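Pasting the structures in now, so scroll down.
There are two complexes below, and they share chain A, which is joined by chain B in the first and by chain C in the second.
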Partner chain A sequence: MDLLAQTGLNAVYAASYISLIAVGLVLIFGVMGVINFAHGELYMAGAYSVVLIYSDFQLPFMVAVAVGLLFVGCLGLLMERALFRPLKDNPLGGLVASIGFLMIMQALASMGFGVRMEHIPPVTQHVIEFSERVRLPLSRLYVIIAAVVLLTVLWVFLKKTRFGWALRAAAQDPEAAALQGISIKQTARIAMFIGAGLAGIAGALTAPLVSVNPHMGHSVIVTAFIVIIVGGVGSLEGAVIASVVYAIVHTFVTTFFDGVVADITGLSLMLLVLIVKPTGLFGSADRA
Partner chain B sequence: MRNLLIFIVGAAALITLPHFLSFSQQEILVFLTINILLVSSYRLLTLTGEWSLGHVVIMGVGAYASALFSKELGLYVPVSILLGGIVAALLAVLLSFPLFRMKGFYFLIGSFAAGEIIRLLWKRFRDPFGGAKGIKGIDPMPDFSIGIYDFDFFEPISYYYLSAMIVAACLWILWRIERSPVGLTFHAVHWQDKLAEASGVNLRAYRTLAFAISSGFAGIAGALLAHYIGTINPNSFDVEVMVFVLTWAIVGGTGTFYGPILGCIVLTVLNEIVLRELGFEQMRPLIYGAIMILSILFMPKGLESVVQRIISRRAKT
Partner chain C sequence: MLSKIAKTGLTRRTFLRSTAAATAVGALPRASLAADKVIKIGFLAPLTGAVAAWGKPGLDGCEIWAERVNAAGGVKLADGNYMVEFVAYDNEYDPAKARTGATKLIREDGVSFIMMLGGDTWPGVQPVADKTGMLFSTLLPSDLSPDTTTLIAPTEVHPVYVVTGVEWLAENKPELKTAVMCAQDDALGLPSVATYLAAFEAAGIEMLDEPLLFDPATTDFAPVVTRLISGNPDIVCLDTCYSDYVHPIAEQLFQQGFKGQIISATADFYDQMIAKTSEEFMEGFIFNFPDFDDPALNSDQINFDDPNGFFAEYNEKFPGQWGAVSWEYASIMDLWKAAAEKAGSAEPDAVITAMKDGKGKHAFGDADWWGKDLFGIDNALVGDWPVVAIESGKATIKEFRNMPAWYDKHGDLLIKHMKAYDQMWDQRS
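Take a look at the complex of A and B:
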């Protein structure tokens, strides 16, 4: 029973940061129409912001997270302007360009910080103990709270504000949206900033809890792909629900078997969804 | 007459080329030869309009199969290389059942998932795949003599001659396939799929055929690699290698037969000779990434479009 509860808590923690990354990826795909292979490297950039600001410059952790959000958001703007906008009519182009961007980011990180794992002093040592064997470190709780708050804010922004309306309109039908006077460039910039920023903040928040190295984006991008395919490409709600499903499956399989089996299970789940219902569990058919 | 002359000069240049190179450059030449087969086999699949992210893992299937055939069953190495290609092709036929329910972007992601699953299975099962450490001590090609030349496979030059002959034969087959009615149908499957289907072409069968053939040649490339370096592990075939193959194909262009080969040669020479000699070791991924972005931005049709422009300009004057 204790093991079950502990694994459940681990799953909730995993679901919260995975959903932040996956929602950003879906948002970018929805508005820009490209799959951002460099999304894992945006997450990595967020983590390195914390390495620089928090552990090297010794500034407060919250400052580091804010800088991470802004910095990675601006990287998103850079990608939009330099890569995705000129390649709008080239479906394979955006993908290839984002792979190139990924390699540049990895090289810059290893040149700037070295390839070895970074040690980041823990933000808090405090642990909430539910019972002797069920415990939740406070730093993990922060990640969970941040994810819930950020995703709620994003949801309200997309559903209730004029910007959100414009963003969803541009995602559904760019031409019709442009005719209604919505600036496609403006919405693309907003989407890229938010999408990249979410990856950056996920990287910044989890930096003290994971091993920070230039190649940390790889496993994250694979996870994010599984989640957005299972949830249905283009569906934000689907991405969140799929994150929870994936986190539960992956955490439990890791606990009861091992990590490699868990990875195989996750990939098989994605392959199964692709075969049975390629639009994903929550995607609509016309988005495919 | 002129073509024959070009052929003879070209062959002579390829035979004498390694004698002007250092030992490590000769080794790079062997890898380059194998990679040319890999990227050319990849092009056959792209003819049908599908871009796979699992091609390098399929190459690994050939490598693992050939290594195990020669090591566990004691098969003669050239036979096991051929069997490696056949196993890769058969696996592709098997994979085509789930994968060809998808198209375009979904095929890309699906092939990536399938490849990663295969790679993780190698990692998981210590017996017979050797787990994360892979297979070591793979039998080298047995030495032999053809009278005028003694093949000693501890020398990269010998392995270069052998692999160059095998690769040349494979490229010739690939070229013939592309020029045959089957190859023309592959083009039709890509550009006119509705029309082709209406004319009675079984799209699924032709896609599977292209996938199987390209996987078979990738498997042979993998087997050649395995018997040269003697040790393989799951990380030798990870997605980073796939990114290189994708870069070669895209920088070279996939519109012509020579496009991907050109991309592979130019980028390898740039990578190994120029960057390594200049000592930009750490900056290599950075420069590679920049080349990828710049070429997709400013040369979306690849290096082959530059070659075509030069040829057509010369034809005019």
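Take a look at the complex of A and C:
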């Protein structure tokens, strides 16, 4: 029973940070139609913000997280202006440009911080003990709370505000949205800032819990792609639900079988969804 | 990283400035010795990526070695003295890049000897070695096979040395009866899994579960640790996990309340692990790579020149970077230099013949060329290896133990487990 409970807590944590990354990726694709291969490097940039602000300058962790959010959000704006907007008429342009950006980001991180993993002091060593073998470190609880709050705020923003309506309209039909007076450039900027910022804050929040190195974006981008394909490319709700499903499956299979089998299971899940419902669980045919 | 530098009174900016200055100073002897004859040595290892911790610190150690040797007159061959210059190529632990690097080092740079980490990268390089006859070294004897006679493993006998830690535990902590193990599923992890299994079986320690393998791309180790400690083992074995894995796994063990014994092949940057957990939690952590300021390394049996001075110089030049391999490639160079001077030549055939003539001067004591049973060829230099424990926050050599002596008693177990994991030289493709 303890094993099940601890594995469940592990799955909730995994679902939290995966959904933050995947929702950002989906938002960028939904509004701009760009597959951002550099999304993992935005996550990495968020983590390095914590290295610099919290670990090196020894400022409070929450300041580092806020800087990570803003800095990576601004990186997203830079990508939109310098890469994606000039290439918006080229179907593969954004994708290729994002791959180039990915390499530049990795090289910059290597030059600025070195190639080795960075040591980040623990934010807290407090642990909530439900029993001797069921424990939730506060540092992981922070990630769970942050993910719930941020995704709720995003949901309210998209459903209840004019900017959110504009964003959704631009995602559904850019031409019709433009005819209604919605600025496509403006919505693209908002989508990039939010999407990149979510990746940045995920990287910042998890930085003390993972190995921070210039190549850390690789593994999360693979997971994020699996999740958005399962959830339905372009569907925010799908990304969240698929994150939860993937996290549960991957965590439980890792615990009860092993990590290699878990990876195979995750990919099999994606293939199964592609065969049964090629648009993903919540995707629509026109976006897929 | 920078906080460590800051503690030494340096800022990132002054650190970069001093690094640039050190680089310039390092280049000076080469410039002033431009008229001298130079032997180039290839350094083909991961300098970036997850495995960089077992490449870059070794290159740093080699630069110190070269400065010392060059200052003492260089390598003395039959036709005069030669200065040593290292030419590095970052293979990113990728076989294709390793092959490109080997070709470049031989054809364009004209190196006389190439040092590698080995492992997953060796299959990419092997055809180049076979075609050119270049002398290569690996830290991983599991790369050895009779197919390539010019590949040697003269320093680290990974993973055979891990048996020493288990044997020491069994003798000194007989109350530890059960163990579990995790490892990344790759060419470094699997032979080590087989060796630890043999060592635990030889020591009478029961494995509670099959070794838990994880994908090298794993970032969240909570599920792995939950599974590992679910059966309340006395020992958690971290195999030969990379430091990018050892650290988060140790942190998870701490956070999930494990209070037993931890054993690992390495514990690179263990001070950071202590910072993430506690000194009490890390007390007694067993591994196999000492700090070179350890007084035990000043004994007569040690063949590494001035280990304490080397450690001090390393930490001054590369603060916070000391790791398992910091001394290993330099130690290989000691052997290579001695063999080249004995042969009077840097030619690969002459050097390897001289090197294998009699006992080898391994860093931890005189050793024998060994390995026919396991690797199909006696190209691994095997003797004593230290068992290291973290005590009061500091790595401390507990004892030197002899690997061939263990193998004489339990070699059949090692072969059995190696075969089960398809890790014998004739099973590897």
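Everything below uses one rule, namely that the second predicted complex is superposed on the first by the 288 of 288 C-alpha atoms of A that agree within 3 Å, B and C clash if a C-alpha of one lies under 4 Å from a C-alpha of the other, contacts with A are read in each partner's own complex, and residues count from 1 in each chain.
As a convention for this text, contacts are C-beta pairs under 8 Å (C-beta built on N, C-alpha and C of every residue); 3 or more make two chains touch, one makes a residue touch a chain.
Here the structure is a predicted model, which means the values were calculated and not measured.
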Please work out whether A:Ile128 is in contact with chain B alone, chain C alone, both, or neither, and reply first, second, both or neither.
-> neither
Would you sort A:Val149 into first (chain B), second (chain C), both or neither based on which partner it touches?
-> neither
Does the superposition put A:Leu3 against chain B (first), chain C (second), both, or neither?
-> second
Looking at the overlay, does A:Thr251 come into contact with chain B only (first), chain C only (second), both, or neither?
-> second
First (chain B), second (chain C), both or neither touched by A:Pro278 | first
Between chain B (first) and chain C (second), which does A:Leu108 come into contact with in this model arrangement: first, second, both, or neither?
-> first
More chain A residues in contact [chain B versus chain C] = C
Applying the touch criterion given at the start, work out whether A:Val222 contacts chain B, chain C, both or neither, answering first, second, both or neither.
-> both
State whether A:Val260 touches chain B only (first), chain C only (second), both chains, or neither.
-> both
Contacts of A:Ala176 with chain B and chain C, given as first, second, both or neither = neither
Starting from the residues of chain A touching chain B, keep only those that also touch chain C in the other complex, and list them.
-> 110, 218, 222, 260, 263
Residue ranges of chain B in contact with chain A within the complex = 51, 98, 101-102, 104-106, 108-110, 112-114, 116-117, 120-121, 123-124, 239, 243, 246-247, 250, 282-286, 288-293, 296-297, 300
Touching chain A in the complex: which residues of chain C?
-> 1-4, 6, 12, 47-50, 52-53, 56, 185, 212-215, 217-220, 222-224, 226-227, 229-230, 243-245, 247-248, 251, 255-257, 269, 272, 275-276, 278, 321
Quick one: which bits of chain A touch chain B in the complex? Just the residue numbers, please.
-> 35, 83, 86-87, 90-93, 95-97, 99-104, 106-108, 110-111, 218, 222, 225-226, 229, 260-261, 263-264, 267-268, 270-271, 274-275, 278, 288
In the complex, go through chain A and note every residue touching chain C.
-> 2-3, 6-7, 10, 13-14, 51-52, 55-56, 58, 110, 113-119, 121-122, 125, 127, 129, 132-133, 135, 137, 140, 209-211, 213-216, 218-220, 222, 250-252, 254-256, 258-260, 262-263
